[in-house]
């Protein structure tokens, strides 16, 4: 199974008064992983991509495409303490539709940490929207070619 | 149907670079609504409770019970712009189990705004955990009595 | 002395792992107070203005003027715990220049709380910038008339 | 002059609706740099220290010492856009007192970027507080030895 591995470093301010990474903040970490993996920028590199770059969406100000979040689902498996080493956020696509895609995530302890903890699993449905017309637009050929290698089974959520 | 109505005021910093309330921030707004509705504090009042107070959880530092978030699901129905008047966050319980409960939300435009927009619907599964043993503990009689009037059908998510 | 009194409600997420309002978050609370006091919106009301409305800056997307923050200074006098009632943020102007102004703040316990605690004092220098040219623009007559009543001595910072 | 260089990676969510790093968020980035430089953790390494480790404060939950922020001052020199490469946060000590110290910062473009932009300069006064007594405690010999090499002139703020 081909997954993107994006290292996401915590900030101390991600902790809430309980001393663990806040539940809403976790979705911000996933947002950050998603942006690093899917957004094309001037400075993008292949550092975080395994098996080719997925970063084909133009995320710069004034870009033609907006990415709208239509839904999210997350299961928290273990509280995340403050960690100096980056979380290992693994990502793949659970669905690749006409104008939308589902990004799947599993969040693990830093690479090399023992024992290895699975902290969360989650999914985000993204709709590509044309910035000018504000209407959904189809995933184009370049995007489909870049993303298809990461297509795999969607997450089976067990806590519904 | 008996719902809690909690007014949640936006901050300008809830907006992201797209100029709308950020998708992760929306879960922070729901967290705030949940805390105002369910946490007992010295200063708690009945201002936000309809049909009796649900605020029977002790949320003060050093309290006996921790509330763990086990899962969340959210559907975004319309982007939320900057609003001066508070969002109308409506809440009820979709399930009341042994040691856990499901909080359901529908987020609407400020009361009195025309037209009325439904911005999001969501659900959070909470587990009550004994702070000393760090193990789930049963919902007690006082809590069950306070919360049962708000029990209703869970949300039917349509974008799965 | 004529001061604006803006009630700013805490969110539980303003606390950090120390259990107090985070030092950087405090500046976000001041930002929110400033926006409520100075930004004109469709929905603005006189609720928070004493002695006339200061909300004469157009803060809507696409507005002609941007407000740039040039400097900030803050002294923390006491840690802020989680409070259900809104902080009493008092504001005035310490300086009203050609294209810039200095907003001064003192942050107090909620109105009516005993004892009354002064939590912080701070100052923010704002430059008005023309959105099109991205250059500073002069404070206009309407703004000067609205803001002059709140002009007073700047804060004397004691911890420098 | 001996400075600590701490690379701080932006998150897209650090941007506000103006499309630049938010003014309050900038202090959060400085907080993160400070924690990485001064807090000792199980996993600390010398990666970010030049000329010896300054990370001699125990920042773990339940530690003996709390670090209280007494004041902060910041001058914003240029708006910070979204950057993929980490900011170069340079730090030194402007003062090393009995129980308190002043951390000074200059925030620059990512290492290697052309042209090199100075985005901000700032200072934070920290007081070491004994967690048990909640009273200031003296900087100890180990801390003084670790921090003295980074002592230099404090920032001369020019926008006061």
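Chains here go by letter, A, B, C and D, matching the order in which they are written, and residues are numbered from 1 within each.
The rule is short, and it goes like this: a residue touches a chain if its C-beta (ideal position, glycine included) is under 8 Å from a C-beta of that chain, and two chains touch if they have at least 3 such contacts.
Predicted model, so just to flag it, every value in this text is computed and none were measured.
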| item | value |
| --- | --- |
| Between C-D and A-D, the pair with more C-beta contacts | C-D |
| Distance between chain centroids, defined by C-alpha means - chain C, chain D (Å) | 25 |
| Chain centre separation (chain A, chain C; CA means) in Å | 36 |
| Distance between chain centroids, defined by C-alpha means - chain A, chain D (Å) | 29 |
| Sequence positions of chain C contacting 2 or more other chains | 12-13, 17, 19, 22, 24, 28, 31, 61, 82 |
| Chain contact graph, described as a line, ring, star, complete graph or other shape | complete |
| Residues of chain D that touch chain B when the two form their complex | 12-13, 15-17, 19, 22, 24, 82 |
| Partner chain A, residues of chain B touching it in the complex | 17-18, 22-25, 27-28, 30-31, 61, 66, 68-76, 79, 125, 157, 159-160 |
| Sites on chain B touched by chain C in the complex | 9, 11-13, 19, 28, 31-32, 35-36, 41, 43-44, 59, 61, 82-85 |
